[in-house]
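Two complexes come next, and they have one chain in common, subunit A, joined by subunit B in the first and subunit C in the second.
Our next item is the complex of A and B:
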């Protein structure tokens, strides 16, 4: 079993390396260890989304039962998305769970994740807070996602207003990420975020 | 069409150990050649073991999610089995000399025992792609693999090179002129071929720099050695010259010519400072004789006159000589062209004078001669001074 997994990952790794998506820098795959059980993926934020210009790093763990079971994938780069936990990076995507098929590959997984960034599924959320914001105030969601992309994924669109509010909380002694989470969760309402942080 | 397909499939399997088989021979689960192929009712081929393993926990096709019953919907695909069994592929180690031809199914097993396989090297001992500096980080077990990689990835490497070239474009003009000069400088030595090769290579600026640097170090070293040799030789030359001069003065038999240089300047200096005196080098009346020298200064009585006096000097064999000095001294100011104009005075020594006693110091403080030997004005007017030089001749003859 383990032999099939390693053999397959080797072949897949070559496939990804030679794929045109790699050539376009849309996806990337690196080995973390030499026995093909852990890899590091990277996807570019899709154009015309809040994630545009960001690079998102993924942790990929290949189970011994691969490809009969899906790889375990989570975001290492922090991201604001209804189907991805803003705390752990855990992903809610059917193909990584019950809809996995042995004919899928790491390349198709990375491309599916890229597609997930383009088309969120707020009705099947992983992060309830983000999903609620997405449903209630999609503009606020986009602003927040763009800000997180800028803060964590090297995205180009900085939002001075958000940065200013975070700085206010940091000046009060709040850790930066904690401040960002609180403000993001309360639609950048500084008062409510402060209240929540100090209650 | 089919023929061509076979050919390319075989070729790619020779070139790449992990090359994917042609799609119709590939199992979507293990991505390898179909082993004991089966076909599903939805029309997809798998290795028997692969699809059985999948259908033990799922009940749908891994490709199109059609419902499948593992007992009813999976059939042996003997057509594909026969086709695959007719395939022959060469061992990937052909580049290292393995001539084995096998069924693609047996390649993996063969590779484990192939005597031409290379032992897995630790990561740091693997060969790096030569283009590692330009961004190709592939590593290889041995040279054939590296060569194969280089052949296959010419396009990629050219791309990396052109990107790197774009970055160093600023310095490239300098580099290429250095290149041209380097070729120009290169002596036609036995290393020449190698150097040419490395300098003409586009990516070999490093090698070029290294070669030039080595050359500079070599030349610097050589220059330093030459400097030392030159210093030694000029030292020897100086010694020799002074020895020769000593010789001349020792073996002049009492006849000494003094070329009194820079005459005008010295006269001017002496006029400014009347106590200034000029002494000639010492000379000998014979090799073991008296040592004498001339003195020129302005006459203390009348500074228009030049005083020429003779001093006895201490020599290393004074003890073998008779004292006080006794003999005839002739002093001549030599005219450079007309010898009849020479000013010549002869004097006999006078034993009662201190000047002729055996010298106690290096130089006997008393001299003997004429304090008003010649009128300076006259010397200039009569053209005694040529090339700003006055020639004074002494003849000392002890009796």
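Our next item is the complex of A and C:
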């Protein structure tokens, strides 16, 4: 790895560790390897959103050409969000693509992702299914996102109704995550989800 | 007897050593310079510790004039009699201009040299250093206050203020950085001046340049041409000012004459304000200062890394005026690098690549084509109506539309073959070197199988996950297209098969 990238990440790592956001437990950053090419980020779900109370883990890969090219970031924690793929965790955020600037840092990336959780941009989606639900039935979207936060990110708001529907599909021999995806995609309509799963 | 001989020889030996060492001492201190007069060139060897009046005395008899009638000009300034040559930053083989004082000017000359402050007659490069670093010490306050009023963000004077506040620290010498075509590297440059019209170095400026635009743009600073060319004589008689033309010389090699110039790299500067590199956060002695409003700087290593990163992604821009260039890595508006010689900082391999990409980009933007044959990549400017293209270099005949071997009838439908895509962004350019045919047959096949050409510029593009909305990564193209339809991205694509 190029020296500049490693040196820069070293500094940024220190910056994040000392930042007030870390002190407030809003973001977290860990090293995955010793040569600063891969890191593990963590952001807290912003208050007053469906993601409140959840902790979302991110995979951060630093390219050799960093900071002149953006870091490659994806969600490891499964999340229900229009700009984040519910399948791969890939993120659609301009600053991680063409709007990246060399003066940005891992700290600004983590904070921008946190901001993305507060304010989705359904017109520039990464996940079409989630985006459609967000636009057509925002209440249903919130419910689903809150449920995913509870199921995968340790969020406190369990929804017994959702859990019950998933349990019924699991009892039919469907894998839990698969069942959750199907129900989420069909606005928790058990009948249609079952139909899709067995078709 | 023997003892006598031994002592005799040893004293002789010591004397010889003494002579040899002192002679060596003298040789080291001789400065060979050329004196350019209206009558021709004179080569003289001088002791750098002597002053200008000494030179006048040496030269005067050779051109049949009295020392008092002479004026010595170097780098835009008449040198005062008491200036020590050593202080003038004069390299070996430098050229001094000696002219006869014109009758009308005698009075002014005498008054100038009789003022106690004859240091004003230092050569330009030296006085600029003085100007920048002794700003608070007084003697030149007039010109400084003018400078401050007009100072812009790239003003040389920005740095003066800082240094003036910091008076106690040891004054650093301001450097100009140049790309020297002789040394083939970045070197420190020396500022020189000549007449804009007759290009003669026998020229004195009326004022010092205050910022880079005074130096780089033409007709910014007026002066007096002391050369007897007819054209400049006419200008002088009409009482019109002539203009100074600034240029740079490399300070590392011995001057090869008046045409031995170096390109000023004005964005490379001494880091007088202790600015931090925006990429690695280090504070280095020399910085690359981007022409943006926020004064973003990088260290020279990071500038090189930036160029290489952008080059391998073909992310340089073909600017209509400046050429193939880059902007500030922070994405600031209007921050393109004007002087593309800055990219000479790249090593040979990357500079060669820069050059090739620049040429290709120019050909493509002029509506031309690049020969698709491996190992060729010749730029071809053909009639837009013409579909059958023959490469003049390798004789390959191909179809303008699909870049395959020439065929009659419509082009083959593009092969639909899905990639074993990993997750990632839309639109990754797979192999920029393919355009130049650098790849072998195996990689060519791979490129054919897993890529689709951008419908606009034909750049082979790999989709490694994400949606069907592709944005061509080639700077200057950035065409929005649909991976499925292989045409421009439309609302229909968005509604029908955005995610496949």
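One rule holds for everything that comes next: the second predicted complex is superposed on the first by the 198 of 199 C-alpha atoms of A that agree within 3 Å, B and C clash if a C-alpha of one lies under 4 Å from a C-alpha of the other, contacts with A are read in each partner's own complex, and residues count from 1 in each chain.
One rule holds in what follows: contacts are C-beta pairs under 8 Å (C-beta built on N, C-alpha and C of every residue); 3 or more make two chains touch, one makes a residue touch a chain.
As the structure is a prediction and not an experimental result, all values here were calculated from the model.
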{"item": "Clash or fit, subunit B versus subunit C on superposed subunit A", "value": "clash"}
{"item": "Partner chain(s) touched by A:61 [first = subunit B, second = subunit C, both, neither]", "value": "neither"}
{"item": "Partner chain in contact with A:72 - subunit B first, subunit C second, else both or neither", "value": "second"}
{"item": "Partner chain(s) touched by A:97 [first = subunit B, second = subunit C, both, neither]", "value": "second"}
{"item": "Touched partner set for A:167, first subunit B, second subunit C, both or neither", "value": "neither"}
{"item": "Which of subunit B and subunit C A:177 touches, first, second, both or neither", "value": "neither"}
{"item": "Which of subunit B and subunit C A:4 touches, first, second, both or neither", "value": "both"}
{"item": "Which superposed partner A:14 touches (first subunit B, second subunit C, both, neither)", "value": "first"}
{"item": "Subunit A residues touched by each partner, larger count belonging to subunit B or subunit C", "value": "C"}
{"item": "Touching partner for A:34 - first (subunit B), second (subunit C), both, neither", "value": "first"}
{"item": "Overlap of the subunit B and subunit C footprints on subunit A, listed as residue numbers", "value": "4, 7-8, 11, 67-68, 101-103"}
{"item": "Subunit B partner contacts - residues on subunit A that touch it in the complex", "value": "4, 7-8, 10-12, 14-15, 34, 67-68, 101-105"}
{"item": "Touching residues on subunit A, where the partner in the complex is subunit C", "value": "2, 4, 7-8, 11, 65, 67-69, 72, 74, 85, 88-90, 92, 96-103, 126, 128"}
{"item": "Residue ranges of subunit C in contact with subunit A within the complex", "value": "278-282, 296, 301-302, 305-306, 308-310, 312-313, 329-331, 423-425, 465-467, 471, 498-499"}
{"item": "Subunit B to subunit A touching residues, read off their complex", "value": "16, 18, 20, 28-32, 50, 53-54, 57-58, 60-63, 65, 108, 123"}
